Amino acid sequence: MKILLLNPNMTQAMTDNMAAIARAAVGETVEIVPVTATKGFPYIASRAEAQIAGGLVLEMIAEHGTDVDAVVIAAFGDPGLVGARELFDVPVVGMAEAAVMTAALLGESFAVVTFSPLMRRWYAECVSATGLKDRFKGVYTPNDTPAKLGNIQTDVRDDLISLATTAATQHHADVIILGGAPLAGMVPDIAAHVPAILVDPITAAVLQAMTLAQMRPRSATPNRANKPAAKTSKGLAAPLAKAIQHEGFTG
Amino acid sequence: MKILLLNPNMTQAMTDNMAAIARAAVGETVEIVPVTATKGFPYIASRAEAQIAGGLVLEMIAEHGTDVDAVVIAAFGDPGLVGARELFDVPVVGMAEAAVMTAALLGESFAVVTFSPLMRRWYAECVSATGLKDRFKGVYTPNDTPAKLGNIQTDVRDDLISLATTAATQHHADVIILGGAPLAGMVPDIAAHVPAILVDPITAAVLQAMTLAQMRPRSATPNRANKPAAKTSKGLAAPLAKAIQHEGFTG
Amino acid sequence: MKILLLNPNMTQAMTDNMAAIARAAVGETVEIVPVTATKGFPYIASRAEAQIAGGLVLEMIAEHGTDVDAVVIAAFGDPGLVGARELFDVPVVGMAEAAVMTAALLGESFAVVTFSPLMRRWYAECVSATGLKDRFKGVYTPNDTPAKLGNIQTDVRDDLISLATTAATQHHADVIILGGAPLAGMVPDIAAHVPAILVDPITAAVLQAMTLAQMRPRSATPNRANKPAAKTSKGLAAPLAKAIQHEGFTG
Amino acid sequence: MKILLLNPNMTQAMTDNMAAIARAAVGETVEIVPVTATKGFPYIASRAEAQIAGGLVLEMIAEHGTDVDAVVIAAFGDPGLVGARELFDVPVVGMAEAAVMTAALLGESFAVVTFSPLMRRWYAECVSATGLKDRFKGVYTPNDTPAKLGNIQTDVRDDLISLATTAATQHHADVIILGGAPLAGMVPDIAAHVPAILVDPITAAVLQAMTLAQMRPRSATPNRANKPAAKTSKGLAAPLAKAIQHEGFTG
Amino acid sequence: MKILLLNPNMTQAMTDNMAAIARAAVGETVEIVPVTATKGFPYIASRAEAQIAGGLVLEMIAEHGTDVDAVVIAAFGDPGLVGARELFDVPVVGMAEAAVMTAALLGESFAVVTFSPLMRRWYAECVSATGLKDRFKGVYTPNDTPAKLGNIQTDVRDDLISLATTAATQHHADVIILGGAPLAGMVPDIAAHVPAILVDPITAAVLQAMTLAQMRPRSATPNRANKPAAKTSKGLAAPLAKAIQHEGFTG
Amino acid sequence: MKILLLNPNMTQAMTDNMAAIARAAVGETVEIVPVTATKGFPYIASRAEAQIAGGLVLEMIAEHGTDVDAVVIAAFGDPGLVGARELFDVPVVGMAEAAVMTAALLGESFAVVTFSPLMRRWYAECVSATGLKDRFKGVYTPNDTPAKLGNIQTDVRDDLISLATTAATQHHADVIILGGAPLAGMVPDIAAHVPAILVDPITAAVLQAMTLAQMRPRSATPNRANKPAAKTSKGLAAPLAKAIQHEGFTG
């Protein structure tokens, strides 16, 4: 099985870290194919940027998704997810949605803990977009954005434990999602210090991608009613234009 | 006052028709500046296409929106609206959202009537996205898609009257939105035959754009908290890259 | 075009101030016809009072609305709006609903800032009644009610700027509605100091009234399905009784 | 114990019928004090009429409610309920809300069955206003309004049984509210023919009024925080003006 | 009339106290039949415990409910309510649901005040389960759990008055439910000190049980569509097995 | 890895079929441990039965779950799920919830197709309980219950294809859950005939159980804040009593 791990941000180090975590999660029988965006932004942090990056995600799937069994969009806001799931036959998983659905299977209620107040609004909107707002207990962050991301996992470790504890004990979150790529991989280190179940989004995303690939191989639904009709276009990257025209691409 | 009437579809005839209706609505003191997409699709009809077209909308505003007082995104699904409103200081109006908010000021409840069952899902999702789902009575269409759009206003006239009447009398819609660019301009012709208030979306959109431009000139909020921070990018159309980098563009 | 500006409170000075703001907003081609309630209360501040004032609003429209193109109910709780919109053919705009729908066209989320904690509950209920609760970020007020309203705009100016800033930066409100007649006209003065888009409700209401009057002249729907059947009554003001009996009044 | 049974419609025969049903329900220890509106409408059937009738309800409570232990507003749309409950210290029960809350204690879900399609919208809105929309399975009526109300209970008996059966078996309503004053008293006759629990609204209303009067005598809350401040007024019926001014009336 | 007062907790003193309050509420014509669980837990305080206790509630009704007119499940979380109402023909009232529906008839909004933060989550979930979440203003408790329950009514009296006052004045709760069996009977003592209407859940529950028994005697619906089909079982208490098999038991 | 496949129904053949499907799904590295209820009902079909069966589920986990890595409750209504997840440290998956969350990762919207109208209500309530009501397009079934279950997969095959097609094309369900144990294993046979993605609930449940077991081993959260305090009990099965008392059992 091959899973395309698609980072819509242009930051290679972020891709490398997520690919390592993904490989540790899926074991040896699954191949992780990491791809980093070559256009767009170093780190998507607004809805305007997500609008653009979502289009790039479609391009990247069209180009790299031909022979994979599932795709992970490895950015918490799930840019392009809805359109990708509609257009392509291959299962496509968003990191936020995968984390949320997994959290909902682990407990009645969940919260997101992250490292910067700047992400509060967007993350809250991402969770609401999944439809599970009634089981969501909010986004918890330090009051200030850390000055640098270099040692972020060390710098905010105590804060995260404290925030997650508050979310669990005061706001009744059974499960805590550690949101944001810079926190990827921290769960094993802090799990014993938090009185709630912790979810690492990239791990959740690749495991869900495996599940979906097994349950619904891309060949399983040759005639989806919700697939857009073939359409001509102008000015799009060639593989994407072909996919939209139902040509050549069987993704 | 200048209003940019931005058609994210590549069909010039559609732009011309909407521009004519817009000019009739705004009177002589307002200049309508129509622009048609030069990339993308003849007619956006899926969420994947809307994802891409939404990025093109941002490009078009960055290129053409420098000295206008408001922008109308003239496609019912409002592609790019949320990102555009976040990124640019100029008021940006989506055709669906403008029609819905106007309908909600004209009656307690509203419905959408259009010409093809293919649009039901997307239009319903657009209305739900505005937040006014509880006042929405559904999308009503003929059972079959008309074979050609050439004489669509004549061909479906009786159907539309009948559907709107059903929506008003059986489903309690006080207001009917005639959705979809091909129906633009039909309201005066059929209003007397429908027992409900009718809304023409393009008219609603340009009148709302005038209202917003007057209430909130682009210079009014120099320091919006919700404006994304300046950011570098790669591979974007130059004017959009500048806007995202807070350079040169004051839109 | 003539717009009836109907103040359901008995305070003439409030009417005068709102009429001045309205005239500045609509320009010279529109005539503002202000009317002040001659029965009822100095200032409506409860739901019991709104129940009674709503009946007076219907009386006032029946008496003064015969030859106007739109009606504005100039009190934030929109007393009588639903019944008026049902009974009369002329477009009727409530100040709260107009402010809310306009705010929703200017940003994804909005809040209300006002001068007294006494208004929190009622204003919150008014906004919820519009259906846009999911985009609403709450009512923000000083902790205490100002001792006098005489210099209210000067006295609470700093508080309002601070509250609006908090609503924008901490609670993610893109747009701030300055609620309550005593604050009418303050937007230009404080806009540059608030990191969000500001909405003046009376301005929003008259501009929306213009839009509705143009889109839906009262003659446009001779046979609305939602119009109540003609009915006899007893003890009502004569013009209202006539309107309810479909006699003489074409409003 | 005395219960004011207040009919906001001007039809005395309707009051007499409801008073008889009420007396049968409450037994001999409770006095039913029926009052019929002397102003307003023969039968309220629109929101404009309910706006006016709601004001009359406040007048009637102020005049007749001085020494009763609870008040029943005996019209399905509960005109004036919210304001009355805020203004007066005596418990006030609306017929629709009482029927709905009682139905919710008898089963997980409920529906309304009534005799005319004209009531569908208003009744549905009344139920939604109680907040219990998620447990509500809709309003069911014959397709046509009966030509006359004279023998309505006989004429629609078979229809009601059939509609209630459909609501129970097809739409999963555990409880059926027989809505509308003309159907008052029919429950014992048809209960054995309907596969669901039936609720007679006037019976529910007076029994709930007894319960509230016992649980919360009007003297129990001398200082309600939600009571409007005393206020002067002009042009109101004298007892209501006094109540609003906190004078003389202790209701 | 006989009402079965069923305590699913094994604590006899709690039953005795609730039975005394119930008898004072219903007067001499109604017989209160108290039964205390002989299996299960001293005091249910989790959802796992409620799952088990809910099964015991069904057993207890099957054993003791044969000739009563209504059943009250006297524990705030209403364990077993939904299943009991489905299985048995006798009206079954849950203490939380009865308190909530009664509160909703006394005011627009309500809150719960109780003695321990440990109950916050469960009580909030119970209220949400009734469907009235939009009228609910939260659960208010002291920050710490009292060390002992012996003199709980004396020990937390001042706290409860203070919390209820905050709920009423800051959070706009018109009605306060004093939740939790240990607080049963406190309403008369503190009512004059709280600026809101108070509800005692056990009183609400028995009065509602009387109302339901009168409105819907168990013989009234011989053929409920929502009654489960007769079914064999294994290992259940004999009376419950019979009820499920529609044998012998007419409850 | 070991997964306890717990059938709360007493029908062994059902367990055998589900275990076979589960084994095919998980591969050779995971051991499926099937257990069939020895008390309760042949097939749970009501909420009263689910109340009782939910308690049995807790007993069965306490007895058989000591050394497994995850538990699947293999009945569509997820009896006992909430309590089990609260009480035990081992991940517990409900078949309905797992199917729903998986469906939500495969498409924007989903529906349930099953073989009998008798299941409509319960299945709809199960889906709503997950919180994903807004993405749910309903339960579709034949009008009549099949006379016998013997050849059910053959007998209703055409009906299921037709219903699923309607749900996809008319009601816009992207994903169809084939609900109910008697349909387990049908997906591969009919997938090519349905224009939507199909989900087999038992497959979804065991794959999700694998994912949860990997993400959150039972030792990961030694001090969950939402774990009920240790408590004595009376009359419970010994292993369950021990688990509730935090004795001996580390599940």
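Note that the chains take the letters A, B, C, D, E and F in the order they are written out, and that residue 1 is the start of every chain.
Rule of thumb we're sticking to: a residue touches a chain if its C-beta (ideal position, glycine included) is under 8 Å from a C-beta of that chain, and two chains touch if they have at least 3 such contacts.
Nothing here was measured: the structure is a model prediction, and the numbers come from that model.
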| item | value |
| --- | --- |
| Shared interface numbering between chain F and chain A [over half = same, under half = different] | same |
| Of B-C and E-F, pair with higher C-beta contact tally | B-C |
| Chain whose Cα centroid lies at the greatest distance from that of chain B | E |
| Selected pair, out of E-F, A-B or A-F, that shares over half of its residue contact pairs with D-E | A-F |
| Distance from chain E to chain C - Cα centre to Cα centre, in angstrom | 44 |
| Cα-centroid distance, chain B relative to chain C, in whole angstrom | 26 |
| Intercentroid distance (Cα basis), chain D paired with chain C, Å | 31 |
| Chain C-chain F separation of Cα centroids, rounded to whole Å | 52 |
| Where chain F touches two or more other chains at once, by residue number | 82, 86, 172 |
| Chain E to chain D touching residues, read off their complex | 25, 82, 85-86, 91, 93, 97-98, 101-102, 104-108, 130-135, 165, 168-169, 172, 174, 191-192, 194-200, 203-204, 207-208, 210-212, 214-216, 220-226 |
| Chain B to chain A touching residues, read off their complex | 10, 38-42, 45-52, 54-55, 58, 80, 82-84, 86-87, 228-229, 231-236, 240, 244 |
